[in-house]
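Each in structure tokens, the structures are laid out below.
Same chain, two partners: chain A is paired with chain B first, then with chain C.
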Partner chain A sequence: MSIAFEQLTVAFNHKAVIEDLSLVIPQGCFFTLLGPSGCGKTTLLRTIAGFTPAEKGRLLFGNKDVIALPAHQRDIGMVFQDYALFPDRSVFDNVAYGLIARGWSRERLRPAVLAMLDHVSLTGLHDRFPAALSGGQRQRVALARALVIKPQLLLMDEPLSNLDTKLRIQMRSSICKLQKEAGITTIFVTHDQEEALALSDLIGVMNNGKIEQIGSPQDIYQTPRTAFVANFVGGANLMPLPELSSPIGQGYAQVQSPLGPLKAFSYHQLEAHHACLMIRPEDINLSLDTGLQANHLPCRIMGKHYLGSKTHYDIILPDGTEMVVHLSGQAHEQFGIDQSLFACFEVESALLVRA
Partner chain B sequence: MTQKKIGLLLLLPALLMVLVLFLFPLGISMHAAFTDKQGVLTFEHFIKAQSLYSTDMMFTLFITLTASVLVCLCSLVLSGLMGLSESRFLVASLKWLYRWPLFIPFIVAAQCMRTFLAKNGLMNNSFVALGLYEPASSISFLDWRGIIITFVWKQTPFVTLMLAGAVASLDRSMIEAARNLGASRLRVMVEIIIPQVMPVLMVGLILSFVTMMSVLSVPMMVAGSQPTLLTVDMAFRINSYGDYPTANALGVISYCMTSLVAWFYLRQQMRDHAHQPM
Partner chain C sequence: MTMLHLSTFSRRLLQGLGVGLLAFFLLGPLANLVLWSVAERWYTPFKLPVTYGTKYWEVVFRPTGDAMTSLTTSVGIALAVVVVTLIVSVPAGYALARLRLPFRAAIMLLFLLPQAFPSVAIYINVARIFYWIGLNGTVIGVVLVHSVHALVYSVWIAAAAFSSIDQDLEWAARNIGASPLKTFVSVTLPLAAPGLVAASIFVFLESLDEFTGTFFVGVPQVTTLPLLLYNASMGGNYQVASITALILLVPSIGFMLIIERFLKGDVLSKIGR
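This part shows the complex of A and B:
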């Protein structure tokens, strides 16, 4: 089932946390809401689930507006950040709860629950109580409980944030597999860009209650639309530009930076003001001469951090702009602190984004 | 001095208090209930109490148990509404209102109920004014119903206070998980919340049961003389006849009633703990 928001606004005490949000999520899509803490991800999820009322707007499941439906009639599976298992019920009864609420008989639901427990690799643990499970197992009970009702929509609020790194990566791939098998439209919330890039069909990058950009992981990483997206996903060096004389269309552009003209590229239409130049740390090369690349700016090395496979350099430009450069290989090993050289980058690496 | 000795020393004042103010008088009245004037063991006081007040014993049990059941229902409804309602106005006003009876002494509550429940009291007058029935057919509630109503009115806030605290301290997301899985609010209350606040509810009900067993003013003021609660009978034996042994026997019987309730609760607790690994 496809999900759509139309001008959804959610407010607490007359202060809008989510404002005029419009968005369509296609059937079967793994959609990730990615954004920093406090940007309104949980609020949006809770509004979809029916726990937080919307001020205005529509929420369409297929072509049915569900905004007025109470939480228990929305047919949504939800995995909570802290799992929210029922402590006084066994694993089996936790998973069975949604089916019992739907009026299934014990005989009918038993095979379904056991099959689901098998599916999430919890075979044989159906008699345990939540207190006797590890974090990863609780997580899987929560997932099984949400999936066994075959919901039209699956919501997950930072489900992996309480797990250790190894388990998180393991769970990430099982979530991905389960979602694809079930074909359930899923909205996954995270503040972890790596998780978002690894899991999603579509990512919506959220900032201050607004979605700044929606796209595939590649789109988001390679062609960010705004400085926020560029910086939040993957990290970026940002250089504010003085107001442009005219709007910028798609394609190559010559821009006037505080350090002289630069050749840049724009994937998106940009208005004249608020433009910003962004360069990924791994797209900058440091060299002793101006090199062959289209752009070169004089710079001085302020810091050097050796990280094994790569080295991070902190550099400063003549106008005081600080940048980060990630270099791999050995060619640059002789560069040292306070050395003056050139930061060089290609046209395609110098992207124009909205500030 | 060792830690243990210091601990005992610190405990001593409290132990003394219990000894002097509770166990000692309890022992004396127990002794008085079971012995005759010569100090020989006898059951005559109990036989007398039984022959005079067996109706009142049943009446007392009936009143306190019925009131407890009603208090249980009312406090569940109130704490459920306060915990689950989405109407902020309702929750705020309930929270503000429900505690008031807690601050009103039993004797004042009884007096209020007298004027409210009497044949020409506020309740009947309002119903008549609303045209619900004729003045002639209005009845006085100043009997067993009056006692129960007063007890429920006075004790519901107490149990609700405990219960609402327990409900508020439950994990919200667990309640939301149940809603999300398709359970209506009533279902969440019955299946998720009540089982988890049951221990608190039971403690509240037992404390309130004990309170109701020991209230003298309400049955005296609200209801007529017969049948009445054991507290009134005890007061009567002492004030009118100076008959301490029978009063003590009635006291022991009240103790037994409360112990019975407490025992039921403890046994249930044990069973629950045996069932659950947590």
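This part shows the complex of A and C:
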């Protein structure tokens, strides 16, 4: 089932938390809402699930507007951030709850529940109570409870944020596998960019109740549209530019920076005011001379952090702009604090984004 | 080492003193009650009863006796009060816990209001009003008076019990297909049950113990145990009064033990939040 929002607005006490959101998620897509804490991700999920009413706008499941439908008739499975397992029910009864609510008999639901528990690798744990499970197991019970009703849509609110790193990476791949097998349209919420990049077919980067950019993980990382997206996904050095004389079209552009002209590239149309230059830390090279790359700026090393496979440098430009540079290999080992050098980067690495 | 020993010793001494004082204040009166209940004759200047016997126990427990009637009346009224307060405090407590009601604090205060005024003044007026509408001297009148008094506790405890339940649990149930009513009955209510049971026990005990309201509204037709106790001690019959007092103690102690096992700390900590 495909999902669409049309000018959805959600407000608390007349303050909009989600504003005029329009978005289409195709059938079977693993869609991730990525954004910092407090940007409105949970609110949006709750509105989709029917717990928080929308101020205005439409919410289409397929081509049916469900905005007026009560939560229990929307046919959605949701995995809550803290799992929300019923503490007074066994694993079996937790998973069976949705089927009982749908009027299934005990005999009919038993094999379905046990099969679902097998499916999420919880075989044999059906008699346990939630308090006697590990974090990862609770997570899988929550997933089984949401999936066993074969919902049209799966919602997950930061489901991995309470797990330790190793388990998180394991669960990541099993969620991915379960979702693909079920072919179920999924909206996954996270503030972890790595998680979003690893799992998603499509990512929507959210900031202050608005979606700043929608695209594949590659689109989002390689061709960010705004400074926020660039910085939030992958991290970026940003250099504000003085107002441009004319709007920028797609392609190569010569821009006037506070430190002189720079050759840059733009994937998107940009208005004249609000442009910003963004360079990934790994796309900058430090060298003793101006080098062969298209752009070079004089800089001074302020800090050096050796991290094994790479070294992070904090540098400062003559106008006071600070930047971070990630270098790998050994060629730069002799660089030290306070040394003056050149920061060099290619045209394609100097992207113009909306400030 | 000596210092340590000394301090352990003095701590022991303090502990012993504390326990002794507690025993004196709690068990002293109790022992007195027990003595009186088995004293067939006891008068000054004797420090202990002159004749022991169970004559008065037989009097009290005689099926046709006043005491048994009062006991039945008291328990009946207490149970009715529990039902009435549950009917009010479950929805009220849930609303206070879940809905973002305007004037939430004011509503909580409203339930406290009956406690704020001198109860005798209130009861005299209530008795007058009840007299006009024919509720004076009826069991229903007494149940009403007890219920208003008990709502203070029960609404408060019910609100605490409901707000200690994570709303995500209700949403999880709604999400996978349970209607609001089914969610409330199958998820919310069972989780709130310990708190509601505790509230009901408090209400039951309060009603069983209540004196002033019953005195103004119920007398002379409705005689509960505390009234019987009052009448007996006014009439100089300390034996019957002591036995009645002992009977009144039984449910209190029993329920206190239950509450202690039943009530989770997180419910208690949310009372009045």
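Here is the rule we use: the second predicted complex is superposed on the first by the 355 of 355 C-alpha atoms of A that agree within 3 Å, B and C clash if a C-alpha of one lies under 4 Å from a C-alpha of the other, contacts with A are read in each partner's own complex, and residues count from 1 in each chain.
Note that in this section a contact is a pair of C-beta atoms (placed from the backbone, for glycine too) under 8 Å apart; a residue touches a chain by one contact, two chains touch by 3 or more.
All values reported here derive from a predicted model rather than from experimental measurement.
Once chain A is used to superpose the two complexes, chain B occupies space that clashes with chain C.
Once chain A of one complex is fitted onto chain A of the other, the partner contacts of A:129 are limited to chain B, with no touch recorded for chain C.
In the superposition on chain A, A:76 makes contact with both chain B and chain C. In the superposition on chain A, A:302 makes contact with neither chain B nor chain C. Residues 49-51, 70-72, 76-78, 80, 82, 84-88, 97-98, 101-102, 145, 149 of chain A contact both chain B in one complex and chain C in the other.
On chain C, the positions that touch chain A within their shared complex are 166, 168-169, 171-180, 182-183, 187, 190-191. Within the complex, the chain A residues that touch chain B are 49-51, 53, 70-78, 80-82, 84-88, 97-98, 101-102, 129, 131-132, 145, 149. Across the complex, chain B meets chain A through its residues 86, 171, 173-174, 176-185, 187, 192, 195-196, 276-278.
On the chain A side of its complex with chain C, the touching residues are 46, 49-51, 70-72, 76-78, 80, 82, 84-88, 97-98, 101-102, 145-146, 149.
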